[in-house]
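In the two complexes below, chain A is the common chain; its partner is chain B in one and chain C in the other.
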Partner chain A sequence: MTDVLIVGAGLTGLFASLLVAERGNAVTLVAQGRGGLELSHGCIDIWGRATPSRALSQLRKSHPYRLAGTAALHAALEFFEEITQQAEYPFPGSISRNLHLPTALGAIHPTALAPQSLAQGDLFDGTPFTLAGIDNLLDFYPQLAASNLRRAGIAVQSVLELPIPMDDTHHDFYTSDLAHFFDKPNWREEVARVWKPQLIGIKRLGLPAVLGLRDPQHVLEDLQERLGLTLFEIPTLPPSLPGLRLEVILRRRALNTGVHFIEGPRVVGRIDGGSDGRRVSGVVLQTVGGPRVYTADVVILATGGILNGGLVFQQDGRVQESVFDLPVNYDQGRGYWTTTSPIDSQPYSGYGLLVNDLMQPLDDKGAPIFENLYVAGGLLGGADRTMEGSRQGIDLATAYRAVEVALG
Partner chain B sequence: MPVLSTQLLVIGGGSTGLGVAWDACLRGLKVVLVEQGDLGQGTSGRYHGLLHSGGRYVISDPTSARDCAVENRVLRQIAPHTIEDTGGLFLATPTDPIDFPGRWFAACQELGVSAEEITAAEALRLEPALNPRISRVFRVQDGSLDSFDLLHALTAAIKRAGGQVWLRHRVEKLILNGNTIVAAEIRALDTDELLTIGADFFVNATGPWAGQVASMADIQVPIALGKGSMVAMATRPIHTIINRCRPPSDGDIIVPVGTVAVLGTTDVEVQQPTDTTIEPWEVDFLLAQGEILVPQLAHQRPLRAWAGVRPLYRPTTVVLGETRELPRSQIILDHADRDGLQGLISVFSGKLTIFRLMAEQVMDMVCKHMSIAAVCHTAETPLTMKSRSFYKLPDRLAKLEVTTSHDLPQVVCECELVTRPAIEEALRFASTLDLDDVRRELRLGMGPCQAGFCAFRAAGIAHELAPTAPTSGGLISFLEERWRGMVPLGWGHTLRQMELTRRIYLELLQTHSLPEPTK
Partner chain C sequence: MNPPLFTTDLCLKCNICTAACPVAAVTDLFPGPKFVGPQAERYRHPRLPMPDVSVDWCSGCGTCSRVCPHGVAVAEINILAKERLAKERHTPLRDRLIAHPELLGRIASPIAPVANTSIHLRPARWLLEKTIGISRRAPIPTFTRIPLRKRFHDRCLDTPLDIKHDLGHTVAFFHGCSSNYYEPELGEQTIAILEQLGYEVVIPPQICCGLPLQSNGLFDAARRHAQANITWLAPFAKQGIPIVGTSTSCTLMLKYDYRTILGIRGEDVETIATSTYDFFEFLTGFMKDEIKRIKFNSLHARALYHPPCKLRNHGIGAPALSILRRIPELQLHLSESECCGAGGTYGMKLEKFPVAYEVGQSLFNQIRQLELDFVICDSETCRWWIAKHTGLPVYHPLEIMARAMDIQCNLLP
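Coming up: the complex of A and B.
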């Protein structure tokens, strides 16, 4: 049995911990914060710009997909589908053809896999649909979404504003507030009673993503049955419900399979081992009671990129890896990191650690720094995930590859 | 081409031009003002927010110092809603010239600039975040003045008095009849239409563009452009304006404005009025200087940087030298005396604090030329708009707190407490549905997240008010405008914030894949 220590509790770290636990190994997951799932749309983007399966073989060799390999991606997706099936939160879709989902702004989001409630909004499905907002919800504007979809030539049957069955309606709601209400059967019964008369003649209805957090598939099916139509959800501003649901599912399974969570402390040091110092024998955590050492046979870094704190961009023009200060590939001097428009590709997006095809971080001569240290997810350089539409695919494939190599 | 006529045409809608137009309206003249951009888009909107006590100039420019001291008192009377009475401190640190504070204090007394010496201990009691190693401290009558509020109040006052303010109208040609200017050819930038306005008199109040406008009448105006960069910190560790007590130099001031503290300024000569690129060294310098006055700024997050271009007068006798050394006092050029051209006065340089005085001086000259006997009334006419007094964040908070839950409005921008009714009102009040106009009016998107969350919401609201508007209030250009202010500070937490905005707008909302807006 291998003792594995994973740093980071985002999609990459959680997924890697499940893989390790699945194979009967001991796994400790250390995380300072919560990861970035609640900031995401909750789908699995693999390659947004073209047919994923065809595009991946043409990438340059330093791209994380090429390093992890197509086999790791396919195996990772297989395991991901198993996890989500068992959690009764299925993700329809495939790597050979992207779904085209409407966004809250009325743009089109190409993605490989999406939870069923989102996938039912696929614009390739020709069933006419209506978009509906919910009164007092701050983060969804169906008129705007419908206008933009129509400008792109997509027929939107009609736009509605649906009330919420509540005596005191003078409240602002965020999507997370409404999700807690939708988790309750009584609430759904009441909602269906109030909404149904307004939905006559509608076969397919798009709503902001608010349909429950704890058991969303059941909420979806229950509400569809009560209303007698097909529902689909559109994710909106963070906290994004589909992202939160994925986090809930992964954490639930991790706890059930014996993953040991240590949340809050920061990793502040490393114990090097091996006769030549080329092994990591443990990490030092800054706990409330002082520094504490955790030993491990294998360490996997999944601390993420700039947003999640894995990379730190300094005023003096350096970019640092935040836990072990491993070498980062970047352009020196902060004048080069950004461009003048947020919707362009940004140079900083591609910065990160360089690894070999075993997911081991490399020094400036291209040699692995430690035998038993592996890196996965957003910390890896060599990909502009935002513009490629590749973020979650890279997370899953590289996590799979790192675990596969680490466990032999 | 449509032809209109008026008595006075004012070119430029900064504080000086609006001040001139307001003064002229109160004297009974028929006035049209044209501005090529929006309110506050030029130098007046790109400053640090300081209402000068006069203290900054007592040694280098005594006339400006005296004018500032007088106008400071006048503005507090006529436009109190635009001013936060922060008071100001001049601090000498151990690294500053040791003989300067004594000379400075004597000059203040001689020029009537109110200044009072206090002990360092007293200063630290007032402002605990100050550097404890300060040697001498003086209290002055500085204030923080919101130029957007001022420009809005001036525009409203001009309209009330029967004048006209045309935004997004650019002068393309000045038409002469012999040696007299008789008309201007103007392009309406929204519709691309050309029109001609005839007038008895013209005032060129275009700030850094003054040279270019004057050249349309074949006149040379020796202008030098001094770019000044500023950095707003995301917090407000001091509530008093902090000046460095030394000769005017880069990075000598911190101004608390609204929820932020602004570090100012640099002075770099540039060639074009539009050249507002901020170099990394400017930001580093301002942060380092700010830290000397308030050490904890080293641990605070810079929020946004911007630069304005000062229009300075470079007399032909001064050939070379730093723009910092050029005089800051107002320049009023009567082109009849100077160039033999009737009907045009150019006004530039000066300070925002003395805009009213500059306008008065210009209008006295205009009236003399036009043989009009009317006198100036701006010093005693209130500018305050009582109905729109909810600009300050504490006022907004107070208003929201007394509201019962039954009529609690939706808060669309959490950082600046901008509510849905306020946005709807601003969109109706503005001639356009541009989110950047709403920002200037309500501070929408000016807090720590720099519109990362509220831009989408405001676009949705704008669309509900005007469903046919294809651009949704210019969502992308609004995001780009916010982004530009963060780019010079793109490291650490600010860069993380920028990345969060990209995650939301590109990954969640896929903004970049929207079809191009149709005109």
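Coming up: the complex of A and C.
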């Protein structure tokens, strides 16, 4: 049995922890708070711009997909599908053909796999659709989404604002508030009664993603039946329910598989081991009481990139890896980090750690720094995830590869 | 350590705390930790009255701070705001009363049989509810006739200087109010386990950690308690004697709240913070090999383990799990809920009880569906609360450990 310590509890860290634990090993998952998934759209983007399966073989050798290998991506997706099926939150879609889903701003989001409630919003599905906002929810503007979609040539049948069956509310709602309401059957019954008269003639209705947190698939099916139409959800500003649901599913499974979660503290140090100091034998956590040492046979870094705290961009122009201060591949000088146009590919997007095909971080001479330290997910350099539409695919594939190598 | 109010600017308004908050999930009276915390803080003028009082619905579980990926001390900001609110309003007699578990214990324990009978009588509970607003549906613990300190007076030490034994094998036990006045068996088992593992257990002088006072906005009194404990415990900590506690909220006070919430400074409080350990954190951290060698007896039972919020807030995970999982035939389920709802004294308050109970629903439902023999939880107020609302016995994990080690406690003089 191998003792594995994973830093980071986003998609990469949670997924890696499951892979390790389900092979019978001990896993400690350390994370400073929650993040990643709760800010995401909750879909699995693999390659946005073309047919994913074809594009991947033509990438640079240093791209995380090439390093992890196609086999790792396929195996990871298979395991992901098993997890979501078992949790009764299925993800239709495939690696060979993207779905095209509307965003809250009315842009078109190509993605490989999406939860059913989102996948039903495929813009090229052929069924006409209406977009609706919900009273007291300030984070979704159906008019804005519809006008942008129409500008892109997508027909939107109509736009509605739907009321909620509540006379007296104490404040405006977050998506999470509404999701808790939709988890309750009597709320859904009430909603259906109030909404139904307004939905005559509508076959497909797009709502902000608020349809339940605990058992979303059931909420979707139940509400569709009550309203007599097809519903689809559009992810919103955080808390983003589809991301949150995926986190709940992964976290629950990890807990039940024996993953030990340590939530809260920062990793502030590394204990080097081995006769030549080329092994990581543990980490130091800054707990509320004081520093505590946790030992491990293997350490996997899944702290994410600039958005998630794995990389820190300093004012003086340095880019640092936040946990162990490992060497980062980046352009010296802040002037090089961005381009003049905000909608072009930004150089900083590709900054990150350089690794070999065993997912071991490399020093400036190209040699692995530690024998038992692996990196996966957003911390890896060599990919512009935003422009490529590759974020979650890279997370899953590299997590799979790192675990596969680490466990031998 | 960043003073809590300085962290408001770190908030990105990502709402991760709002989504995780167990109270916001069940009532719209509470607009969520981000709203009443880093957001509302900007509108709180130091010399003007509080513009919004919804922070009063915060149960103080601390989930928000723990889940924040950006280092915002959300719960800390909120507890400081609650103190201001308590100062502006008149603190009700009820809050002053339930904030003093130690004083209540000292008064009631000599007359425990009478006190226990009368306080649990229905008319008495009805009267408490009607007169001062303590919900009659909230659990009230039972006083013991002989407090732990009396049972173990030979181990009670004023200073560590008297210790003639090996320092590396001495532990100072911070029992807190509950192990002293309400559940002395727990204290007995703690001592028995540590002694069986080769440790000398001493009991330093101590007073209630002050958390119930702090939670009810009585910061001045809480500081007096903290100062007393610091004076008493510092000599032990400074000699390198670990301070071990089984009550997760008391140990969190020693580790964190004294410095961060009550703002106490100095070498003493720092040394105490780094020398304080949760019981299982201590066992798994200091006695890894000894623990590995223990052969646990089988315990044929179905149980659910609920790590309480205050333990989770230590940032050490749930160290008891690694021991519970080694007990043969113990079928262990894990809580899927963030919080049981009790919130220390929160759930005792008549107006808060419905919210607290609603927070607990998801846990109670999970417990009911699993058809368990018992529940396991490290925090006393959570144990009493879960037991009251599920009808099942709820044990501290160390009680289960003691049972699997065949430790008999019959140390009453």
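To be clear about the criterion, the second predicted complex is superposed on the first by the 403 of 408 C-alpha atoms of A that agree within 3 Å, B and C clash if a C-alpha of one lies under 4 Å from a C-alpha of the other, contacts with A are read in each partner's own complex, and residues count from 1 in each chain.
The definition used in the following text is that a residue touches a chain if its C-beta (ideal position, glycine included) is under 8 Å from a C-beta of that chain, and two chains touch if they have at least 3 such contacts.
Since we're looking at a predicted model, the values are computed, not measured.
Peer 1: Figure out whether A:S158 sits in contact with chain B (first) or chain C (second), or with both, or with neither.
Peer 2: It touches nothing on chain B or chain C.
Peer 1: Which holds for A:H260: it touches chain B only (first), chain C only (second), both, or neither?
Peer 2: Second partner only, chain C.
Peer 1: Just checking: does A:R391 make contact with chain B only, chain C only, both, or neither of them? Give me first, second, both or neither.
Peer 2: In the superposition, A:R391 contacts chain B only.
Peer 1: Would you mind checking which one, chain B or chain C, touches more residues on chain A?
Peer 2: The partner making contact with more of chain A's residues is B.
Peer 1: Is A:A107 contacted by the first partner chain B, the second partner chain C, both or neither?
Peer 2: first
Peer 1: Kindly classify A:N329 by the partners it touches after superposition: chain B alone (first), chain C alone (second), both, or neither?
Peer 2: neither
Peer 1: Could you say whether A:T70 touches chain B, chain C, both of them, or neither, answering first, second, both or neither?
Peer 2: So A:T70 meets neither chain B nor chain C here.
Peer 1: Figure out whether A:P238 sits in contact with chain B (first) or chain C (second), or with both, or with neither.
Peer 2: Both: A:P238 reaches chain B and chain C.
Peer 1: Which partner does A:D177 reach: the first (chain B), the second (chain C), both, or neither?
Peer 2: Once the two structures are laid over each other on A, A:D177 reaches chain C alone.
Peer 1: Based on the superposed arrangement, let me know which partner A:Q314 touches: chain B (first), chain C (second), both, or neither?
Peer 2: Touch partner of A:Q314: chain B, not chain C.
Peer 1: Following superposition on chain A, which residues of chain A contact chain B and also contact chain C?
Peer 2: Looking at chain A, the two contact sets intersect at 39, 170-171, 237-238.
Peer 1: Could you please specify the touching residues of chain B with respect to chain A in the complex?
Peer 2: 280, 284, 287, 405-408, 410-412, 453, 456-457, 459-461, 463-464, 467, 470, 472, 475-476, 479-480, 483-484, 487, 490-492, 495-496, 498-515, 518
Peer 1: Give the list of chain C residues in touch with chain A in this complex.
Peer 2: Listed in rising order, the residues are 14-16, 18-20, 24-26, 28-29, 31-32, 35, 54, 65-71, 252, 255-256, 273-274, 276-277, 281, 285, 312-318, 321-322, 325, 334, 336.
Peer 1: Spell out the part of chain A that touches chain B in their complex, as residue ranges.
Peer 2: 36, 39-41, 45, 103-109, 136, 138-141, 143-144, 147-148, 151-152, 168, 170-172, 235-238, 240, 305-307, 312-315, 333-335, 337-338, 340-343, 346, 348, 386-387, 389, 391
Peer 1: Using the touch definition from the top, list the residues of chain A that touch chain C in their complex.
Peer 2: For chain A paired with chain C, touching residues are 28, 32-35, 38-39, 169-171, 173-174, 176-177, 180, 237-239, 244, 252, 255-256, 258, 260-265, 285, 287-292, 308-309.
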